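My questions all concern the structure below.
Per-chain numbering from 1; labels A, B, C and D assigned in written order.
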Amino acid sequence: MSSDDITLNSQQLLPLYRMMALIRRTEEQLARSHQMGLVPGPCHTYVGEEAIAAGVCAKLRDDDVVFSTHRGHGHALAKGVSPRAVAAELFGKATGCSQGRGGSMHLFAPEIGLMGTSGIVGPSILQGAGAGYSFKLLGSDQVSVAFFGDGAVSNGAFHEGLNLAAIWDLPVIFVCEDNMYATEVPFREATRVQDVAERASVSYDMAAVCVDGNDVLAVRQASEAAVARARAGEGPSLIECKTYRTRPHAEGMRDGGYRTDEEMAAWKRRDPIASYGAWLLENGHASEGGLEAIEAEVNATVDEAIEFARSSPFPDPATASDFIFSAGV
Amino acid sequence: MSSDDITLNSQQLLPLYRMMALIRRTEEQLARSHQMGLVPGPCHTYVGEEAIAAGVCAKLRDDDVVFSTHRGHGHALAKGVSPRAVAAELFGKATGCSQGRGGSMHLFAPEIGLMGTSGIVGPSILQGAGAGYSFKLLGSDQVSVAFFGDGAVSNGAFHEGLNLAAIWDLPVIFVCEDNMYATEVPFREATRVQDVAERASVSYDMAAVCVDGNDVLAVRQASEAAVARARAGEGPSLIECKTYRTRPHAEGMRDGGYRTDEEMAAWKRRDPIASYGAWLLENGHASEGGLEAIEAEVNATVDEAIEFARSSPFPDPATASDFIFSAGV
Amino acid sequence: MREITYTEAAREALTEQMAVDPSIFVVGEGIGERGGNFNTTLGLYEKYGPMRLRDTPIVERGFVGMCAGAAMTGTRPVVDFMFIDFILDSMGELLNQISKIQYMSSGRIKMPIVLRGCIGIGGAAATHHSGSYYPLFVHIPGFRVALPSTPYDAKGLLKTALTGDDPVLFLEHKLLLNRRGPVPEEEYKLPFGQAAVAREGSDATVVALAVMAPKALAVCDELAKEGLDIEVIDPRTLAPLDMGTILESVRKTGRLLIADETFGPCGIGAEISAQVMEESFDDLDAPIARLNGAHTPTPYSPSLESAIIPDNVAIAKAIRDLVAE
Amino acid sequence: MREITYTEAAREALTEQMAVDPSIFVVGEGIGERGGNFNTTLGLYEKYGPMRLRDTPIVERGFVGMCAGAAMTGTRPVVDFMFIDFILDSMGELLNQISKIQYMSSGRIKMPIVLRGCIGIGGAAATHHSGSYYPLFVHIPGFRVALPSTPYDAKGLLKTALTGDDPVLFLEHKLLLNRRGPVPEEEYKLPFGQAAVAREGSDATVVALAVMAPKALAVCDELAKEGLDIEVIDPRTLAPLDMGTILESVRKTGRLLIADETFGPCGIGAEISAQVMEESFDDLDAPIARLNGAHTPTPYSPSLESAIIPDNVAIAKAIRDLVAE
């Protein structure tokens, strides 16, 4: 754990811990619910990567926007969507953040800037750039964030989206979550150049940094700089976050073969929550009791959210075709 | 004009001159024919860029393949398609290389490796990579060449195609013809990084060079190295050729506004044919009479080709829907 | 009433709306200073500047996906594809994102995006510059599809597109662009889903799309001399499709031909035919007929090109055959 | 005869052809060592190695365009999209290149490429993993479209796809993958354009596509107890479409229902309806009926998902209504 940012105090430090814990607990409960058959569709968890969403979103306002991926629960929670609304969505309930239309890969809460998670790899990058175009045209100081995995880096959307944001100086932050694999295809086989930040700077002339994605303070700091740049009209940034998912690609999928036990163990030792907790204790920013209290509160919140999801009603079948078009025309 | 290649003798040097002269004369005659209404569709000429096709294709065998663009007359001629077949195609005649189905942007002569020119920007890059995949799988030492303009560099096809060729070590040569404009949009506005070769090497770890695209020997030399690399199984290369088209984007289009007279004049002074001719004379590789004889022969050939095109029959309307499917199924 | 061209009419709609709505911007290749390959934006750059008339690199997927994000966040992008053929590289953004996000977000996100381009066969443009593709966007839920055939309709429908909140395909046939027609100076809009009865008649109904509408009108004027009294309907929008007007006409005439330049299989004619069958089977005095371009990529040579599109002779024959059934 | 699953049958076709034809290779995400998300290539990597079972980055446009170039130069690529939804980013390569190059080259270049993927609604996969899209490829000239509903058909049609020289869409409905059925051990192929009369009957004809075929068969077995004698036809390929078999059946029964899970507008049902109208109007005793999934993006929640697809009750009702007309 490393941070040069001496201005941080516990009022800023502990919410980061709480957010990571909240994501972790929500994911674990969703995974369990999936095993129990309560989540009818696919479920991609964010376990091991919590520091990225928590760190990036800590610096965002409600009216800043986030475009996310198939692995989007953490982004939704960090942007402020309640665990209730996320869990209920995965349970397919009317009380879910997409009213049951979306499930794990299609979370929407535009009222607080969660502009959608996508089951398709790539579009978040382009839509993120587009929101930046809106903000620039409208003269607003809002900021747009696009999350995407290492799997999106070889895709044309990465190239076209970064280039457009760069040539037009759009207020966009591209956050690459490099967890080393796209499903089971290793990033090292998808490209000969795994340094995403260097690419962004050499090929698109974009401000870009590579950080330890398991270090929430490092992510937060990079985000702070990128947000400041965007708000000041100085153009886009890319933040490359090196991380690892410690659960299978999706719940219920076999996870053997492509990852070694040693690799997994090494990354588990670098768990973003445990290591941040240890750093907080070491540096006197929190007590053991304090962290335990946070965890207890989070656990209660999440457990209640799961219960809420379970007891919520399914959407009315008669509404299945609503909202295809705006009422306007 | 610069060449380190001391092994070249006039047997190799004069055909380059002839090929450039042939392309130039064909283009000029096609442009004239277009003005006269003899070319019913669009016509994008290669005037000013002849050194690239001539230099690259000089090193190819008949069974090597070329994938080209909307500006493909020069590539077709350099790959060995006769001026007759090219001119007749533009005239929409049954004797054209695509039997009248294609026109300027859809030239096919697969029997000698011209695998098609495309009216869509981008696909040549991907198809070029695919031919490389075939050759590698089949264990052949054939080489694949993809031509494309600066306009394709920002397109996702460039990124996806170069990356695939690089990670799989395919025998492909990517030839970027940077004539500074895509229609009237300057390359400097399409990207912040105009150095295409550097991108290829930094982002895709590909062997890449930037050459003067108006220097036929420089192009030929780069092609020689790339072909050798591909045949030896050492993977893809990129050749960035800086050049300029001295006619409008397409015949009949206005050409004002986006290019200055000075810029045009400067590039005309660097005409690839005139400067190569001067170099040949200076270095004693040809006499004035020799070059004039080549030009006379070329002019006669092209003029005869135009006459052939003019007098050829239009295709039979009854064949308009032939060849959609192979006969096989 | 003054007469202006189709392109001028559509450009008027655009410039008028851009004047009143600062959130509208246009992206495309050469739509800035140059004013568009088809003059769709001529003179607008001078008025509205580069942020609102945005020349792009050749990245159809990129700028369509980008415009989706823009439409989701408070602006109104107009994507000018030049030739609609170039839309294909952006189909993922269109079919998986733009058409679905209003639905997935339960109506909380709007998608006010206009996608315009030049369609159709003509001028030896060959197969990469002659596509139409509208049946694809009628098949997929979530799009409005406008296909005006007159300057009046072009202006009125584009105004509606630019003031609505849904994704709209606005498709301009290349052979219509320079046609002139009356366009009022006063502000007006045309609602989507309202067909035009371009010609009244009682012997048969011809539904004619895009360039087929003026062709059919010319043919029917000729046929009138033979005593044939044909009704011509231009649906103007294909999604929504005004089946009411078509059904009403078929109830009157008992005979229906759908004339459409683009491909027949799973096309607009098939859909109209199936719906008339379902709704008005007993009113039919003859089988519904379809007249389409050949099911083939578009060849270049004029001798082949003209062989694959229905000309006036083919239209006249189809109508005579229908009436004779 | 032994019974194997649909996926096993298709995999057998692939591995057998790969053994005899060294020019076949497969590309896709996770189709190498992992054997494919749907086990389409399970065990093949061990036999044929990485050049022929090629795991790719997530670049659908890239590898489709690449495979076009490969197909043009002597190899036979099989693109395994996993979910067919991912095909959309490659539509430019498909519609502007792959479907046109045989034509543009006057038949001198072949395009032997197989594009396979999992289609259909089920299992709360939601809107990015539930598409079908086949009407798009029927509309555009230049594709063969195979839509097998049984293991027998899956194997026989994939063999034909892998030995022909045309681009073939080979589409596998996700709810069929684990269904078992008889598949002979001997070599066989099924020609394209030959429908299966899956059940003979005289009261009405049901044309049922993909997962609707087994559904319709089950429903018709039930209806037989009520004395209704229904013919069920599975076209098996949509391009070419065996209209002969359908027309023959309609001449016998006078009544036709087309049951198709995907969207109605400009869909297969519309095309079949229009063609029957054109060819066999006088044989019809009732209007042709279409039964389709709702025209809506696919929702996630089981309560919504089941509301948009025609279930057995809906099929039975549609048949009863048709016979009652």
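Things worth noting here:
In this section, a contact is a pair of C-beta atoms (placed from the backbone, for glycine too) under 8 Å apart; a residue touches a chain by one contact, two chains touch by 3 or more.
Since the model is a prediction, treat every value here as computed from it, not as a measurement.
Two chain pairs are in question, B-C and A-C; the one with more C-beta pairs in contact is A-C. Averaging Cα atoms per chain gives one point for each, and the point farthest from that of subunit C is the centre of A. Work out the mean CA point of subunit A and of subunit D, and you get 37 Å between them. Note: centroid distance subunit A to subunit B, computed from Cα atoms, is 46 Å. Rounded to a whole number, the gap between the C-alpha centres of subunit A and subunit C is 41 angstrom.
Taken residue by residue, subunit B touches two or more other chains at 98, 101-102, 106, 118, 120, 122, 154-157, 160, 163, 167, 189-191, 324, whereas all remaining positions touch fewer. In subunit D, 56-57, 59, 61-62, 85, 89, 92, 96, 103-104, 127-128, 141-142, 295-297 are the positions where the chain touches two or more neighbouring chains simultaneously.
Against subunit C, in their complex, subunit A makes its touches with residues 65, 67, 98-99, 101-102, 106, 108, 110-111, 115-116, 118, 120, 122-123, 125-138, 142, 144, 156-157, 160-161, 163-164, 167-168, 322-329. Within the complex formed with subunit B, the residues of subunit C that make contact are 29-30, 33-34, 37, 55-59, 61-62, 85-86, 89, 123-129, 294-297, 299-304, 306-308. Listing the residues of subunit B that touch subunit A in their complex gives 154-160, 163, 166-167, 189-193, 198-199, 202-205.
Here subunit C touches subunit D in the complex through residues 60-61, 85, 88-89, 91-92, 95-96, 99-100, 103-104, 127-128, 131, 135-136, 138-142, 239, 263, 265-271, 273-274, 277-278, 281, 284, 286-290, 295-297, going by the rule given at the top. Against subunit C, in their complex, subunit B makes its touches with residues 40-42, 89, 92-94, 96, 98, 100-103, 105-106, 118-122, 151-152, 154-156, 182-185, 189-191, 257-258, 314-321, 324.
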